[in-house]
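For reference, chains read A, B and C in written order, and residue numbers begin at 1 within each chain.
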Amino acid sequence: MAQTWGNFLFSLLDYKTEKFVIAKNKKVGVLFRLFQLGVIGYLIGWVFLWKKGYQETEEVIQSSVITKLKGVDFTNSSQSGLQLWGAEDYVIPPQGDRVFFIVTNYVVTPNQKLGYCPEVRDRLLFYFVILKTNYTGRCINDTGTCEIHAWCPVEHGQTPSEPMLAKAENFTIYVKNFIKFPKFAFSKLNVLPTINSTYLKMCRYDKDHHPYCPIFLVGDVINWTGYSFQDLATKGGSIGFGIEWNCDLDKDESQCNPEYSFTRLDSAKNSQNSAISGYNFRFARYYNDAAGQTYRNLFKVYGIHFDILVNGKAGRFSIIPTVISIGSGLALMGAGVFVCDMILLYMMSKSSFYRETKFEFPCWAVILDPNPALP
Amino acid sequence: MAQTWGNFLFSLLDYKTEKFVIAKNKKVGVLFRLFQLGVIGYLIGWVFLWKKGYQETEEVIQSSVITKLKGVDFTNSSQSGLQLWGAEDYVIPPQGDRVFFIVTNYVVTPNQKLGYCPEVRDRLLFYFVILKTNYTGRCINDTGTCEIHAWCPVEHGQTPSEPMLAKAENFTIYVKNFIKFPKFAFSKLNVLPTINSTYLKMCRYDKDHHPYCPIFLVGDVINWTGYSFQDLATKGGSIGFGIEWNCDLDKDESQCNPEYSFTRLDSAKNSQNSAISGYNFRFARYYNDAAGQTYRNLFKVYGIHFDILVNGKAGRFSIIPTVISIGSGLALMGAGVFVCDMILLYMMSKSSFYRETKFEFPCWAVILDPNPALP
Amino acid sequence: MAQTWGNFLFSLLDYKTEKFVIAKNKKVGVLFRLFQLGVIGYLIGWVFLWKKGYQETEEVIQSSVITKLKGVDFTNSSQSGLQLWGAEDYVIPPQGDRVFFIVTNYVVTPNQKLGYCPEVRDRLLFYFVILKTNYTGRCINDTGTCEIHAWCPVEHGQTPSEPMLAKAENFTIYVKNFIKFPKFAFSKLNVLPTINSTYLKMCRYDKDHHPYCPIFLVGDVINWTGYSFQDLATKGGSIGFGIEWNCDLDKDESQCNPEYSFTRLDSAKNSQNSAISGYNFRFARYYNDAAGQTYRNLFKVYGIHFDILVNGKAGRFSIIPTVISIGSGLALMGAGVFVCDMILLYMMSKSSFYRETKFEFPCWAVILDPNPALP
């Protein structure tokens, strides 16, 4: 018994190779070789060279963005007089987030006080007032309007037709973007190690000449979206500021660099809907006068909303995707064998001959003989 | 030699087909056919029809969200009198971010001034004061409390038991969500191109009747989480406002639409932990009086924190996943062949016969004859 | 005809098994068995046990973060006197976002008024003033400086060399993180269900002793990044506060827990660039005096910017990745067969013999005979 097992195990080390029948059929032969070449070409050309199928990829990117704006502008209006706007005023919120807003136009309603005043006659405002439902019910005949309980005087609804902060075009945005691909424990800053402080002070991003300068001119960014500063600055708008990291970690780290792109987000080309474009909001600054009475200055600000959208992909050689890519390609070759066999066995003039040589009918007589002699 | 190579290359074009032995064993035959049907069914039904295994998928979505709230409410308290709350007041921050907070309840401590005052006797505040470690050491006997250096008077710790801004339920949230699948260069807005301005002004989101209206009533959103406005508004709470984009880019673009869902985030069902529910924070408004002395109004605000969470997935036909899906299925068929062979060769009554016909022992005599004649 | 079809269908149920030739070549046999063992080892060990190749994975995590800070500090400066800083003052923005900033140092320029004043002589400020381009052109000879139109007096450029809020080290950060893996409809809070209110009040996060306590000491967090509080607090800095969720959903839910990590983001090790480190910004508080004149207090704040970066991965058994993993491994075994065959047929001393037994040349005479007798 032990010897039988030994023989069996020993026979496992015999190499068993499939027996093939050579069908001297050049048509099917050429077809099969073409199919093999196709699969090999697909594997090498498309999967490996073009799509880097030998790489494990990470499409989730961890990203932290810090922004800092520079530049000042003066505005001069009849209501609020001469005003100086620094980054502390026009950037909302001021702390340098990934998403920020630059004031480019505004309507200020100064010294509002809670009380009763006539509503403004304006179609849009009418809708707004309905919503408020704070009518007193008293109507003032000589103006034809009704009284509301509100912060008085109420905001007039007229937006300046020109951006008040015309110099906003020249403000600069300094973007610091730290990224990490957790799967590969790879991290990098968009302020590349090759950039020194002097360059950082003077450079302005430009796709062709300064592709890695992290300082952007507001006017340039808007122009690159295909819109004009004038368009966006008057009624406001939203800009997607894309940073893309495509990193092949099989190459040197210095090859993994950010690419910037700029899109206007609040203007769908297919949509004729004016309600989705523009960007504005209101905020109020409260103060008390000497008598302790609360007043406020209401600002309706229009401007450019920047949303810095970071995305990326990293790839590095890994055995599993390589095996999957090669294995599935080889398995597909098996499908080719099946197709060629079908053609050979059923669609050729000599098919019946091929069938007879391919398929061996064992001699059934031997079944009767429990210990058949080898042929 | 050249001719030998020529012959060799020419013989490459001969089609070689595997030789099969037909085992007239219906049991194994049926088993193998069932296995083949299983694999084909799995490939077609599960992989292709159900899971769309022929598609390359992108699960990383780039998203930009802008929100705008509308509605007003009045509050009337003994401390601060009649107050009007507009979006500029109750939305924090006011600029329309993806994450925002609506004030629904508050405690105001007006006219605080830096100085010395007795602490409030309250268990929670006691802990808070310990943390502060700004005791003066002086204790006032008649009240039994000790003096602290703080903004005086200190905040009393009582939250109104009813939400002060009861009308917050009727505020509306307008959500603009721009998404992009970078791999497919596909982008879309949740304000669909079919929506016009009139509809946008009057519609309210409703799963059944207005599934694509981007305007949401605060009260509805809270109800859809399974909680009541009263619950959340008094002590505050956090709501996850999900937007899901499941896009089959092999179909028309108009089939790729947002789906909204709403969850309360600060209330784990399994947890009996009150410390995780509720949402409040403090902020202060500073002002100087005529004498230049700094005062502040301290607001402790309770309210609803909305976090708009966008996720999505896009798929489009691609050759690589198709090959991988088909190839791995076919390769699995090879495993079926192996299993059926094992059964046939070792577990049947006629196994020894099958083994003898399947495995051919070449006639070793021919090794001695260097040029054996074909049989 | 019907009978022919019946026979054909019936013959489909015959099991056809490949005919093998046993090559008694132990070298190739051992090579092939080793290759088979390698593939099986790779599949079981690497793909299944180590990489969990039988799981469908989700790398996109939906996350909502709420933070709350506690602690107070006093500052005492010649300019602004004694000041008390509570969370409502030093946390910017105050509402408890994922990204927040803690003031640790500041320069205040109180009571600024719009007007004309001499610029400050400072190299950096000079550059800043050039940018502003709000020169009046008038130069004051006795100081050697020129007049600018600005908020006066202008900010002097000196940052305190010690953090003003030295106690910021002891502030605590309470982090609530709700996560969801949309593909698996799995959600969890970092405040685990096992944590009760008492523990939550007293615990401080510590990798070894309290790995799931969601309350972090600012000083600890900074130390864990490898920097000192003193370093960051004076000039400011940015900290990435990582929360990682690695969840094997085939195991119990209680095994899916957060892991915290801390990195300084504004200091690339490879970069000698001082311009990327530090964190500060300016904000202003406006007020009107009794005469209605607008004044402002300008704050330049330095501090620690926290960016809570949540990432994660979940996996659960799924049939498709299992089939792909196994199938591609099996298909690779086919590649082993090809290699071993090549060695056997072309690189052995007895190769020509193996070729002759492996490839069967059908007897071409039979082609002439349309109904050949079985051999």
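The rule is short, and it goes like this: a residue touches a chain if its C-beta (ideal position, glycine included) is under 8 Å from a C-beta of that chain, and two chains touch if they have at least 3 such contacts.
Note that the structure is predicted; figures quoted are calculated from it, not measured.
If you draw each protein chain as a dot and join the dots that touch, every dot ends up joined to every other dot. In a homomeric contact, the two copies may use the same or different surfaces; for chain A and chain B, under half of the interface residue numbers are shared, pointing to different surfaces.
Between the CA-based centres of chain A and chain B the separation comes to 16 Å, rounded to the whole angstrom.
Those residues of chain B in touch with two or more other chains are numbered 16, 18-23, 59-60, 93, 287, 290, 324-325, 327-328, 330-331, 334, 357, 359-361.
On the chain C side of its complex with chain A, the touching residues are 16, 18-26, 28-30, 32-33, 42, 46-47, 51, 53, 59-61, 92-93, 99, 101, 114, 127-128, 131-134, 149-151, 238, 240, 242, 244, 263, 265-266, 268, 270-276, 279, 281-284, 286-288, 290, 298, 305, 307, 309, 311, 324-325, 327-332, 334-335, 337, 340-341, 344, 354, 357-362, 366-367, 372, 374. Here chain B touches chain A in the complex through residues 12-23, 58-60, 62-64, 66, 68, 70-72, 74, 82-84, 86-89, 93-98, 176, 178, 180, 182, 187-189, 191-193, 195-197, 200-201, 285, 287, 289-290, 295, 319-320, 323-328, 330-331, 334, 350, 353, 356-357, 359-361, going by the rule given at the top.
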